[in-house]
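Every chain is named by a letter (A, B, C, D, E and F) in the order it is written, and numbering of its residues begins at 1.
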Amino acid sequence: MEYVLIVISAIFVNNIVLSQFLGICPFLGVSKKISTGIGMTGAVTFVMVIATIVTFFIQKAVLEPFGVEYLQTITFILVIASLVQLVEIILKKVSPPLYQALGVFLPLITTNCAILGVAILALGLEDTNIVKSVVFAMSHAVGFGLALVTFAGIREQLDLMDVPKGMRGTPIALVVAGLLALAFMGFAGIV
Amino acid sequence: MNQWNNFSKGFFKENAVFTLLLGMCPTLGVTSSAFDGLGMGLATTFVLVMANLVIALIKNLIPDKVRIPAFIVVIATFVTIVEMTMQAYLPDLFESLGLFIPLIVVNCLVLGRAEAFASKNNIGSSIIDGLGMGLGFAMALTILGALREILGSGKVFGTMIFPEDYGMLVFVLAPGAFIALGYLIAFINHVKKEA
Amino acid sequence: MNVVLITIISLGVLGTLAAIILYFVAQKFKVFEDPRIDQVEEVLPAANCGGCGFPGCRAFAEAMVKSDDISDLNCPVGGAETMSAAAGILGKEVAAAAPTVAVVRCNGTCDNRPKVTNYDGATSCTIASSLYGGDTGCSDGCYGLGECVDACNFDAMYMDEKTGLPVIIEDNCVSCGACVDACPKDIIELRKKGPKSRRIFVSCVNKDKGAPAKKACSVACISCKKCQKACPFEAITIENNLAYIHDDKCKLCRKCVSECPTNAIHELNFPPKKPKVEKVVPENAE
Amino acid sequence: MAKTESTLKNMVLTLLVITGVAGASLGFMFELTKGPIEAAKKAKQQAAITEVVPGFNNNPADEVYELKSKEGFDLKFFPAKKDGKLIGIAIESMTTKGFSGKIKVMVGLKPDGTIINYQILEHKETPGLGTKMADWFKTDKGNQSVLGKHPKNNNLTVSKDGGEVDAITAATISSRAFLDAVRVAFETYNENKDNQPVADNTSVEEGGSL
Amino acid sequence: MLKTFSLGGVHPAENKFSAGKKIETLPVPEQVSVPIAQHIGAPSEPVVKKGDEVKVGQLIAKSTGFVSTNIHSPVSGKVFKVDDILDASGYKRKAIIIKVEGDEWDENINRNADLVTDITLSKEEIVKKVGEAGIVGLGGATFPAHVKLSVPPGKTCDVLILNAVECEPYLTSDHQLMMEKGEEIMVGTQILMKALDVTKAIIGIENNKKDAIDHMSNLAQKYDGITIEALKVQYPQGGEKQLIDACIQRQIPSGKLPIEVGAVVQNVGTTYAVYEAVQKNKPLFERIVTVTGKSVSKPSNFLTRVGTPVSALINAAGGLPEDTGKVIGGGPMMGKALSSIEVPVTKGSSGILIMPDKIAKRGTMEPCIRCSKCVSVCPMGLSPYLLMTVSDKAIWDRAEEEKIMDCIECGSCSYTCPASRPLLDYIRLGKGKVGNIMRSRNK
Amino acid sequence: MNTLTVSPSPHVHSGDSVKKNMYGVIIALLPALAASVYYFGLGALIVTMAAVISCVFFEWAIQKYLLKTNPTVLDGSAALTGLLLAFNMPTNLPIWIIIIGSLVAIGIGKMSFGGLGNNIFNPALVGRVFLLISFPVQMTLWPKPSENMTNYLDATTGATPLSVMKEGLANGESVSSLMAKIPSLSELFFGNLGGSAGEVAAVALLIGLVYMLIRKIITWHIPVSIIATVAVFSGILNLASPEQFAGPLFHILTGGLMLGAIFMATDYVSSPMANKGMIIFGIGIGVITVVIRVFGAYPEGVSFAILIMNGFVPLIDKYVKPKRFGEVVKTAGKK
């Protein structure tokens, strides 16, 4: 039950983009087409889960025992940055098609605060353990994907419509994001 | 480049929020009041200036392959410094900015400037660039914060402008953040076109 | 132990680890991508207009890097300057393409060419062309529905409300050819810009014989061949009842212009003719 | 100055140096701010205690002790004494029934259990709705205020549930949660009244009788 | 419940003013202009030149390929010239112009009106005859009939469907033809069945022609394998894909021909022409044309020689009404607006519809309100609103993905759209572009 | 001779128009308007007038002064948005809030996207949810029916059946004891319950539905799929635990379900195009509605459910296409 609640909360109620304001840059940046949105979701899920696992161990094995929790930010981001680069280099060689699909998004992920944010938030869970953290990260990634793909769908549609000049591009995208967030507030209080 | 232009571009022409769309998370996440927006903006400015400074200083020493990790370490260091300082001397602000302080590290603005400007320019220009971009960012956040605060609760910087009963709560919440920024950008685009 | 020490050590170890791993992985999984593609892309105008025939500037850059002979590649927007810059990066030669500009070859204004039907379909020249030859007696001329104007990405065209014909703003035209492709009637042509932007061309595409052509439009080419006879350089040919001036042969002597009984030959950017001076314009005498 | 090459040695060296310098400066910063951070935390706690049980002249933070509530929360008790006499107790209470989970409240009780004052320490309620609890239950308007009320003598639940406290408009959930935190504080205090830690035996005896 | 096709469809006001009007033979005009491109496929090649004498039914232009056909002189007289004239396509195209002199027919033509029921020719001979006689589909598409009768190797045909639906409002030529030449159509059907080697033929007739259904049903009893299918009135039932779906519940897959599902569709007029060609040796040079319209004083069905100017028909029907806005070649849903009434009648002209100014005017276009009415009426299950948008924005790959090429151009979408959007205009544009793209890709 | 007009086919038109559809819906809403005036009196009229007038005004003003296009307010869509917005609000709402709601509905919900036909979200619901979140107090004070014929702002208020149920269940009461506190099902059907202006009389809304179906303004897919989904889903919950979850009829007859299913989810612009898509859309709305009502913080979830599903419409439209001709190669046999 607890896991179900984590999943529902992460996807709908506390959607990482629409209610927690994390990962807005890729949300706005790579949402012009559904296909790129799906690619980005794949890349984010991948990195988010791995990063959460690695940072979990760093926290438990290094930072806490030595009492240097204040190094959280710097170590986590270092790990994430290296991880992203690693994944990129390996993918490029090992699976060019996958790299074509995800690779272009990888550099963007380093500066996606959703990754670092989720890694930090996962540690703040009650009675946190590795499985819970992974479920947490995975659900947030799904929530990110849900918001991103829906949003990309809307933007693709808007491309076919006559949005007034002044609102075209970012402004209307933000308004749509706002209205999506407004709609998602209906889920408030489920968990 | 003319240093004044270098400085002022961050406010309008290349404003991080209004035109480059960088650093959107804090922009939306911490602007439920003008004060928080200002605080976040200044914290980011500090990191930006210092990071630009250091990176401009050491740019030639860093091999390309580890450029990004190295930059990130530099940035993260300053972020942690800000984090600790704020915790010590501005605990209330620290609390309301919450998670977004460590997230300055990944603010695309900071890394973006480091990559795009500081790693290519000299120290003086880099500092000025950082200051301009940072203050421009702070300005944007403050404006957005003030807008949301006044619409949401009738206050600016905590001072009552009109009775709270008339405030529209949405603007304090997530949807209002997006919507307010959307129209703010539309407005600024419009002004820019006229200018 | 001292916190500072722990800090330094843990960070140091982490950093070193990151560097070493990255190094070896990078070595092992090296993939080569020609860095010149980026460089070339940088000098291109980033208009992504497709005027070069490739889907966007990057594709063009790739093509430039890949092909040995780049003489038939041209970015019309950037022009010779861009091309030589790009060629410089690649150490290749470019044949300097003569700059061209779009011209509208129809002068069937509302006055010159009376309407015989009402068009009541969608505002699109191509749609109208699938229906018929147009609302006037000339079935080759301009529909005046402005599809070319919509196609132009460079604000180089507008529809003249009075004449109902498109007009090219030469200064803005980058000769991308989008309008040429858009027009269902091949009315627009890219012609050599000519010295001082001077150009002479037949502003008509009507392929009817003389009498019906004249009936449909008072300024139509009636294929009377007078211009052809007048041209000292054999620059004019007549095919399908229509005269055409070849811009590679035309020396801009302007003899044909005055010959044309319907004023179908247009000259652009010449100084107003002094009355009765029958001399070749000096700078064109080669 | 020439650009450094991407050789292994250079890469490792650079990162090592950078992280080393970063570590050194951070460690130094940490040492520097450790004190002030602690102080800031203390100051905050102190301010809260002062607000909810004013008038003491001991240092309640020194005499703090912890008790477990029925719900399993660890509550901190700060005895406030004036000249050695217990004048009240500040209890760091909490509840998880808030609209968005946990709410932490510092509740000040007179030794007999009457509510002196409270301060919200930590919460995630919705701004503009739940956040109103910071002042709502102190405001003397209608039946909003809980100050001066006694959890046993007064029915401290929201009027919707039959109690005598007006809930924050449109935030009944937060109101319930707040009152729940107050109840937790009072009940834990009340149950353990008889076996309070040794340090304060006497004082409890004196003021403890209802 | 009457059968009909399974998706979409509309039911515009029928307005069949000329229904029941006897077929009148239009007098031969003084001069005819016979375009050399009257059919789908390569234009024919003129075999006469200026000054040549020609007889009625004489070959004047010959087929230039498999998908092409012969053209025969509709009159006797002298070739005046071969020149470009404005025809129904709206463009100037080549035509053979003949000045009429006398009425001398080719001697091979059997001008006797008696019914000839015995089919003496073999399968192959029939197809050859149909090809030589210049017969094209008279249902509107003018596709050379012999091509359809040559079932490609590997495919089999098991049913012939006669298209007697005439689903277009106003038009009555097929209806009247069935009433007057039903017997001939039956024989024609037998000929086609023989040519296609099938034992089953279905004649699909919409239920608004009850007299024709009764008449044909009576006649069909005498002929083996021919059944009459009464169909619910629903436009575009006459579209062959829809007709096959309605009659035998088989759907032709996207981009495929009827033969894919074992069917061949011929119009009843075509069938009559086949009868005349095979039994009477008469090539196709005249046809029945309905002249009609709300303000037309004498709506009629005329037997007209190809090449007759439209104005001659209009005069015979009482002249051009004052309030004329549009003159349409064909029906109101699929017909083509003519830019001049001097254009000649061709093999494919099924009707001349004269529409008053008021009705002819299109409504002002409004934004699409996404009411999905166009989607629900599209007989091909397409999304016309989307096809229009992507065509307008030139997103061709999307248009192809959305199967723009499946559109049969029936116009149901434009007819229905409450926002008066010119959906089909843009879809046609898109079809043109996408078709070109697909063709150049296949090269 | 007359100049001939030339245009591509088809040359005839059904005569249907945007206006006819919009005014058709307005006519279909008249019974509900009558019912709400009958139950709430003056307030219902004031709120409706205010919303309609301000929506029409804002649309006109924005088109004229901001977008600088020709105002098209006469097409009736703005008036309809106003009417539906009003039908979603308590009948004692202060006029200034109504005006803000209209501005949000038209300005943000509709014109920012380019006006009629372009909006992704249902404008009236954008307005309503915006207000609900901004002014939770005013938006949840429901006047009691039949007691406030001439009162407007100071009407006596009461809870809607849904909030009685929600509060009660939250406090551990059982469904059966709560059902006794709310009007009977037949009263719910004829509208004697607290609620927003337009949602009170199910029967009036059903009359509107029948009218719209007959005039072919809408098809059955969306309303039926929503109502059926709610019935099934709440039925299952009810069967599983009758004292914890109210039954299907309660859910169908209370709150804005009927109004939403019949008039708001069916909004052309913000609903899917293909029939299959409409059914998916309806099921989505039904499920989300029940989830919010039963598990969420809000007693009522129809508005949110419709808005959420509005967001998914582009995806639905992209991946759920109408059934294409020729997809099934052989359908020989029956039918």
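Everything that follows uses one rule, which is that a residue touches a chain if its C-beta (ideal position, glycine included) is under 8 Å from a C-beta of that chain, and two chains touch if they have at least 3 such contacts.
As the structure is a computational prediction, the values presented were derived from the model and not from experiment.
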Every chain in contact with both chain B and chain E is listed here as A, C, F
More contacting C-beta pairs: A-E or B-D? The answer is B-D
If chain centres are mean C-alpha positions, then the most distant from chain E is chain D
Would you kindly tell me how far, in whole Å, the mean C-alpha position of chain F lies from that of chain A? 34
For the pair chain D and chain F, the C-alpha centroid-to-centroid distance in angstrom is 45
Centre distance in Å when chain A and chain B are each reduced to the mean of their C-alpha atoms: 21
Set of chain B residues in contact with two or more other chains: 65-66, 69, 73, 76-77, 80, 84, 167, 169-170, 173, 175, 179
Shared-contact residues (touching 2 or more other chains) in chain C: 3, 6-7, 10-11, 14-15, 18-19, 22-23, 26, 116-117, 120-122, 127, 130-132, 135
For chain D, residues contacting two or more additional chains: 11, 14-15, 18-19, 22, 26, 30, 99, 129, 173
All chain pairs that touch each other: A-B, A-C, A-D, A-E, A-F, B-C, B-D, B-F, C-D, C-E, C-F, D-F, E-F
Touching chain A in the complex: which residues of chain F? 66-67, 108-109, 111-115, 117-118, 120-121, 126, 129-130, 133, 288, 291-292, 295-298, 301, 303-305, 307-308, 310-315, 317-318
Can you check the complex and tell me which residues of chain A touch chain E? 159-160, 162
Write out the stretch or stretches of chain E touching chain C in their complex. 84, 86, 89-92, 336-337, 339-340, 360-362, 365, 422, 425-426, 428-429, 432
Provide the residue numbers of chain F that touch chain D in the complex, in ascending order. 136-137, 140, 167, 171, 297
Could you please specify the touching residues of chain D with respect to chain F in the complex? 99, 129, 160-161, 169-173
